[in-house]
Amino acid sequence: MSAPILAVAGLRKHFPIRKGLLLREVGQVKAVDGVSFAVQPGETLGLVGESGCGKSTLGRTLVRLYEPTAGTIRYRGEDFLALSGERLRTMRRSLQMIFQDPFASLDPRMTIARILAEPFKVHDICSPRECLERAAALLETVGLKAAHLNRYPHEFSGGQRQRISIARAIALNPDLVVADEPVSALDVSIQAQILNLMKDLQQEFTLTYIFISHDLSVIDHFCDRIAVMYLGKIIEMAPREELFGNPRHPYTQALINAIPKVGQGKRRMTQALTGEVPSPINPPSGCHFHPRCPKRFEGCDSGFPSLREERRDHFVACRLYSDAVEDEVILRSTGT
Amino acid sequence: MSTRALIALALLALIAGVLAYVRPQLMRPGELPTNAELKIGITQEFENLNPIVMSMVATTYIYRMVGRSLIQLDEDSQWLPQLATQIPTLENGLARRVSDGEREWIEAEWTIHPQARWGDGEPLTCRDFRFSWEVGLSPNVGVPNIEIYRQIRDIHIDPDDPKHCTFEYREALWNFNRHHLLYPLPEHLERPVFELHAEQPEGYEQNSNYTRDPTNPGLYSGPYRIVNLGLGSHIILERNPHFFGEEAHIERIVIMLIPNTGTLEANLRAGSIDMVSQLGMSFDQSLAFANRVQAQELPFRVNFQPGLTYEHLDLNLDNPFLADIRTRRALVYAIDRQGLVDALFGGLQPAAFHNLAPTDPWYTEDPARIVIYRHSRRKANRLLDEAGWVWRDDGYRYNADGERLRLRLMTTAGNKVRELVQIYLQDQWRGIGVDVRIHNDPARVFFGQTMRRREYGGIAMYAWSSSPENNPRSMVSSESIPGENNGWSGQNYPGWSNARVDELVDELDRSFDEKERLDLVHEILWHYTSEVPVIPLYYRSETSVTPINLTGYRIPGHQISAANHVERWRLMDAEELTRYRSDAQ
Amino acid sequence: MTAYILRRLLQTAVVILLLSYFCYLLMTLMPGDPVDEMIMANPEITSADIDRLRALHGLDQPVWVRYWNWASSIASGDLGYSRTYRVPVTDILGPRLLNTFVLAGAALLVAVIVAIPLGVWAALRKNSTADYVINLFAFAGISVPSFWIAIVLILVFAVYIPIFPAGGTGSIAFDMTPWESFVDRLKYLVLPVLSLSFLSIGTYVRYTRAAMLESMGNDYIRTARAKGLGWPRIYLMHGFRNALIPLITVTALSFSTLFSGAIITETVFAYQGVGQLVFESIQSNDFNVAMVAFMISVSMVLLMNLIADLLYGVADPRISYA
Amino acid sequence: MSESAAVPKVHQQAQYEAQSMASILLEQFLEHRMAVIGFSVIAIFLAIALLAPVISAVSGLDPDRQNVFNRYQPPGSHLDLSTHERELRVQTFLRQSDRSELVRFLADRELLEFAVDDEDLLYELVTQHASIHLAGMLLELQSEAPDSARSDLHALRNLVAEFRSFHLLGTDELGRDVLIRLVYGTRVSVTVGLLVAFVSGLIGLLVGSLAGYYGGRTDAILMRFTDALLSLPILVVLIVVSAIDLGKVFGGTPLAFIVESRHESVIKMILILCLFSWMQAARLVRGSILSIKEQEFVLAARVLGAKDRTIIGAHIIPNVIAPLLVAVTLGIGNAILFEAALSFLGLGIQPPTPSWGNMLNNAQEMVQHAPTLAILPGLLILFTVISFNYIGDGLRDAIDPKSIRR
Amino acid sequence: MPESPPQEAVVKVENLQTTFHTRIGPVRAVDGVSYAIGKGETLGIVGESGCGKSVTAFSLMRLIEPPGEVTGGAVWLGQENILEASETRMRELRGSRMAIIFQEPMTAFNPVLTIGYQMDEQISRHLGVSRQESRERAIDMLSLVGIPSPRERYANYPHQLSGGMRQRAMIAMALSCDPEFLIADEPTTALDVTIQGQILELIQSLQERLSMAVQFITHDLGVISEISDRVLVMYAGRTCEVAPTEILMSAPRHPYTSALIRSIPKFGQRVSRLPAIEGSVPSLYELPSGCAFQNRCPNAGQRCRDSHPPLTEMASGHQVACFHPVDR
């Protein structure tokens, strides 16, 4: 088992809710609430969940766009959260992010040349002239033409912009890229192009991806290992075939069941999950999922079940499989 | 009406564009005002009419209609008794010089008019004067000018006749009897208030009947009394049935405060006021209005009367440039005062040679007694040449040190006439190479700070208004130069110091001989005009607009306003007016 | 809701307190003081007199002492004494306040009545000639100097076509019936109200138009059309109802502008209102009057802000004041 | 594996021409008809303002030259110069070079027998006669003049020819030409407007960026302060503040030169207006920063490791500038209006410096006697402000991100 | 269950053309689309963004606003060509005989009016019933779409409901006047996958109960294949292919349809690389002459560049607009 490139333990990100004259904290949005996992070099970890489950917050916390409330992030064994200043800036080079909205993620007032040269400028890597050359090379790497360099983002289609975003993310030769719903804003015919591009880049630059999406089909296609999130917590995590072939958690089962499947013809949608995702400000007691769970039983409403390795590399947090309730146990790193 | 208004609004832009070429339509006020009511417009704020604390000019104007003082000045600048029956003088024996060997003072016998009564019928006696004197000396009452009361050491009321009393003065001054500013207060109404609040600062003013119950008829002793008072808005007067003098002709007088001169004029033309008092239009406006009255035969008369107000320039003698008398004289010579008054005032405000007004009995224009500077740019230039100021190509003069002859000219901001004159002067002095910079302060800053502390650096323009036969001590005596030593008192703002003049002002106070006083004054004037600490400009004229049928009206040209004779005002009817006009022709 | 109002009132009170000190400081930073008024009126006043009067009025004390005295007397309900008019401030302020409310209220009403239909019309006929004309009118409204429009109004309606009085608050007469005096007051109000509302009309037309355009571009308008609703219902209940939300704020917040405008309007028309009084009292150093009027206006503005927020909540159910 | 094989080629999108941001904005701005008209008006006014000295030189009109005997003349008047002004000119004429031959010649012609000395000859000559006659007289003398005096005589005749001036818009309360004063007034008013808007935009940018970027307590304090200032009735505050004497504020400091300058009141006006007109801009900047700060492109820059300074400079400021520019443009109009209002009340620009506002100051009471004096400056203010407002409107439309995306 | 062409069409669209008059010139957003939907049938319309599927829906409701305009064709609702109907008549039809559900339930509801009010105005407008009756009906509809405690929800504002509930309310409102024709314009795109399932189930069950004709618009091939009887594929404003769902999904004939189906990741069918369609959808401003798909099409020939391929019937109910259809 090789050393994980990224190991996260007990990560929490709570957003305070402030109110009143003195802006006192009256509550917290527990967007990420005790998440632990590890990523092996070169693999693609999928994070899947419905809106509001905290997957994007988790992604942003991983690259320290948000400072976590608690927990640790170790990058190649080094405590990423302890870094600051110049060391942090240097470390950032190997940890990049791709954003969801191809329209918002490019500064509308910059040319593509400036956008792509920015990573080099920020780290003072090369002369302006060389920056431009590198930017042109990047553009070609992601399948655009160097001639596009002096255009503005608004002159490109969504797919092209997402290519530019990807180009910017890989500019500094990162090891790990967090991709936050990189294809969900794109047309179906463009999705495939981008997914293929990302795959190609992964091979070419031996990238590790953390791929965040709400679309199980995309996740299924793209990821090696998948973590399912619900209200700030990982409730199931397993390699792809294992998870989809043998989902254990009732929520995962319901999710898989809800996916509309192409080519199966008209069918009656049944067994759809009832109810909706509760608010992360006041999550249900016990297992957050229990109010919607078709298999709930007595006891599900007290103590959140801990994430346990139910089978090899298959972790589930559900009382159906173990009575263990979560405490501050930090999970050992897992790997293939 | 609203339809008309709407249509008019739609045409607004069009009308505005062509206005310049449209001859304004004549607007005739409906009918001539009658003796039933006269509406007077003023632009200056007035306060409540407590005579002892009033300090605004508009208030004194109005007060003259509702209250009387001990003596008065008539339109010909003659001192006459008003509430008194007679003015005591040394000559008529009612006053005498008294001495206890150490000090000398005067005692004078005053008798109040036997018919004099307050508006509620209560007799007006020496007690009321004694009471007002008491109040005036109270440390908790904000009397503007305490000297009026302080000069009297005591008032002894005849125990048998409260209408008769003796004033005991502190000093023996020749002008002891000038009590035109000594007003009675109705003791029967005001004493209780005063006694209740005497210990509290401003307690009397705040609780006086003049403040709390201004329409109480017992507060007023003049031909009119107040029936309605809207501070900052209007005041309505009606004939006082208890007035002891001749009965007023006009039944009701409404005084409306319209602070904006343009609006004032529009109101006059629209007929919502009949008359504009002296405290109304600006001079420029009056001039233009007079032309219009003539051209369009409007039923108004525009009155101009040169007054005691003397506009002048103070030269700061601490300024190194102005310390040189040649520079000062050059500045006088360079100004065409006659040209100034002709051009800006249509010649209706007379040019001044010195500080005394033409209506003052002490006035002189005799070239043998004063120095007269007739406009001559050449003389001015020569003087500056002599003083070492040489022309440079930029059109200004420079001294040997390369300093430009630059002076700051200050006046009260917002006074349009002064600002006009200022610009005129700036232009005139540019002609002799003097660079004059204009810098104006708001009036309160100008008088409260700039002048009082003599911070004006170069030249300051403002006016003095003094009663006739007034000792100019506070303007010319070296003791009156404001400074630390005298607590910034006095109005010798130029900082002029002349030992002989100091002697002369002292002598003037002590001289009881009219002829001798005249000589003393003229000697002061000679020094004053010769050394030019001050450049006289012109005497301000008071202007007013009256309805064409108003008779008995005259602007006196001194500080006791036309309203003093309000009971003589009369509005002729149309027939009488025609007769009057044909008589005049 | 109550808690919210209380909290806001508390905040407002703090702001008013701080602003009052700031204003007091500003006032005293102005050179000169009330006694200087007397000096101007009376050249024969002596320096001793001046010092005596200054001490009498407490003007020789340091600023914060004077502020403290002033503030504590205000707190005890005594608004002070006007040195210009020599009466209690309440006596002079009361009627003026009423006049200004009448003026500002009428102007606001006129502005709203004129501007909102125009704005809605312009929005519904976007890019039509009517839209251009209304826009031009609105731009003229926000661009014209208010004193100038006042002068032009006087020139046109009081001088050339003399149908309205040139200035003043009302005729001074005894023998008017209540109806006559009402009409009389109305006549005096027309020109000031016109000139004061001109600016507001411009502002409101622009905001109404923008809000209406924005509202009409929303998806729910399409829903309303898809439901088969008639145009009046779509415009009013769906379009305008939503445009109202920003408008309420703008209207309430324009109070400050209206007050500033009132100073000019009242000065030009010699209208006896607070605006003119503030100007006069600042000019003549009548601190008590100026401060009280000033504080009233600031409080009004802050109060209007609060009311705007509350109305916002009424108009928009999405806002809650928990 | 090779890139070309792995990465699908994207078709060249021929439909987009490479276009700079500025040209896109320009194109969109040009679509706003009123904004273009407004811009042209402003351009003309600016040109007039810049060329004021040239206009003055060409027309021979001077904003400060008085003609006090010809006050309040209606538009289209032909007037003679004031005596004083003529004297001044002769004085200059005499100082230019030795004119003794000319003076002697004129004296010989017994035109000026009463004069005291030679120099006064000319003063008397030019002040005693109407300039039309004078020019005729001098023309007649031309043939008789000796060679030595001929050129001087010619020069004198040219000088005299200028004594008659034409006043297209009439004269004001001191007989000054209204047109040229309006031209110079444009200078002052527009300068005040531009400077105030620019400086308060800068202040607003500073305060707003501090508040918006750092947030928290800095934000709370700065914004409460801004809100408090906004709740003040601005005109009242301006009235109070304009009474404060700069001389006392700057006395003894290096800024004292301001007080000494000819344009003290202009500078004071600018300072005062700047102090109280940055709040809207600050709020605007703060608002846009708050939204831009959360935009993904800023997050992306942070992930790249960009420093705060870089992010502010490269991403936030450029994106804030555009809306700020709109606010500044609209602010120009407001500043001009405030300047005019204060000058109208006599608290702003002090005479003799002409500004549109102070030209109106005197005009109100004379509105019935000289309506042009009241109408013209007001119209200019209206046109200028409305133009700036339309330009602002056009800019706002142009920079609207919705329209940039097409 | 094999689908047969509808015997009696509730709605029939013939050669619909919708044009937008833009600055650059007129743009055909919908160009000659024809189809018919029978009672109880669901027609799925699928395509990428900008292909004109929503514009088709709005054209049918005559909700296109300037600068857009329906420039040709006919839409028969029963015996009536509604493109020629007066606006007054349209107002009667909209919301009563034909209704639409929008993509984003948050913005489609007026935020400042209660759900109940917004339903009432439609019910009382079309059914002319009393306040009380319309209220009862609205509450009935709310409970019909599975909203718990409908009486309370009736008085709620839209923001007080969750996304799924809002969409249910939207459906309740659309169906409140018993429409015979329902357009669902991407009704589940904004929803989470579990909620999407619920909504799809609801639409299905309601359609069965009310036997409406449903036009279901989406870009999601998974959704479309699960809900619709027939599918119409649009590309750049034109129809590429119409076929019964199962046939289309299993044996698409148009190269675009075929590539599109292959390019999406399908759950449980793993491939190492997705066969992507190269390039991107051409802008409507600069459509090439001939087939709009020519630049991305592997089969394209000269003929494709010269002229539009007509929609031809390949098999019963299977029409394809292609000169070089994919062989199966």
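For reference, chains read A, B, C, D and E in written order, and residue numbers begin at 1 within each chain.
Convention: a contact is a pair of C-beta atoms (placed from the backbone, for glycine too) under 8 Å apart; a residue touches a chain by one contact, two chains touch by 3 or more.
Quantities reported herein were computed from a predicted structural model and do not represent experimental measurements.
Here the two chains linked by the largest count of contacting C-beta pairs are B-C.
With every chain reduced to the mean of its CA atoms, the largest distance from chain A is reached by B.
Between chain A and chain E, the centres computed from C-alpha atoms are 32 Å apart. Centre-to-centre, using mean CA coordinates, chain A is 55 Å away from chain C. With centres set at the average Cα position, the gap from chain D to chain E is 60 Å. Contacts with at least two other chains are made by residues 157, 159-160, 193, 196 of chain A. Of all residues in chain C, those touching 2 or more other chains are 30-31, 151-152, 154-155, 159, 267-268, listed in ascending order. Counting only residues that touch two or more partner chains, chain B has 16, 19, 24, 260, 262, 266, 269, 441-442, 445.
Taken together, the chain B residues at the contact with chain D in this complex read 16, 19-21, 24, 260-262, 265-266, 269, 281-282, 284-285, 288-289, 292, 336, 339-340, 342-344, 377-378, 391, 395, 413-414, 416, 419-420, 422-424, 426-428, 430-431, 437-442, 445.
On the side of chain E, the complex with chain C involves touching residues 58, 61, 63, 90-96, 99-100, 102, 104, 107-113, 118, 121-122, 125-126, 157, 159, 173. Considering their complex, residues 34, 224, 227-228, 230-237, 239-241, 243-245, 248, 333, 337, 340-341, 344-345, 357, 360, 363-364, 367-368, 371, 374-375, 377-378, 381-382, 385-386, 388-390, 393 of chain D touch chain C. Put simply, chain C touches chain B in their complex at residues 30-33, 35-53, 56-58, 81, 84-88, 91-92, 95-96, 151-152, 154-169, 171-172, 174, 190, 194, 267-270, 272, 276-277, 280, 283-285. Note for the complex: chain B touches chain C at residues 1, 4-5, 8-9, 12, 15-16, 19, 22, 24-25, 27, 39, 45, 47-48, 50, 53-57, 139-140, 142, 144-147, 201-202, 205-206, 210-211, 228, 230-234, 236, 254, 256-260, 262-264, 266-267, 269-270, 272, 441-445, 447-449, 452, 464-466, 474, 482, 486-491.
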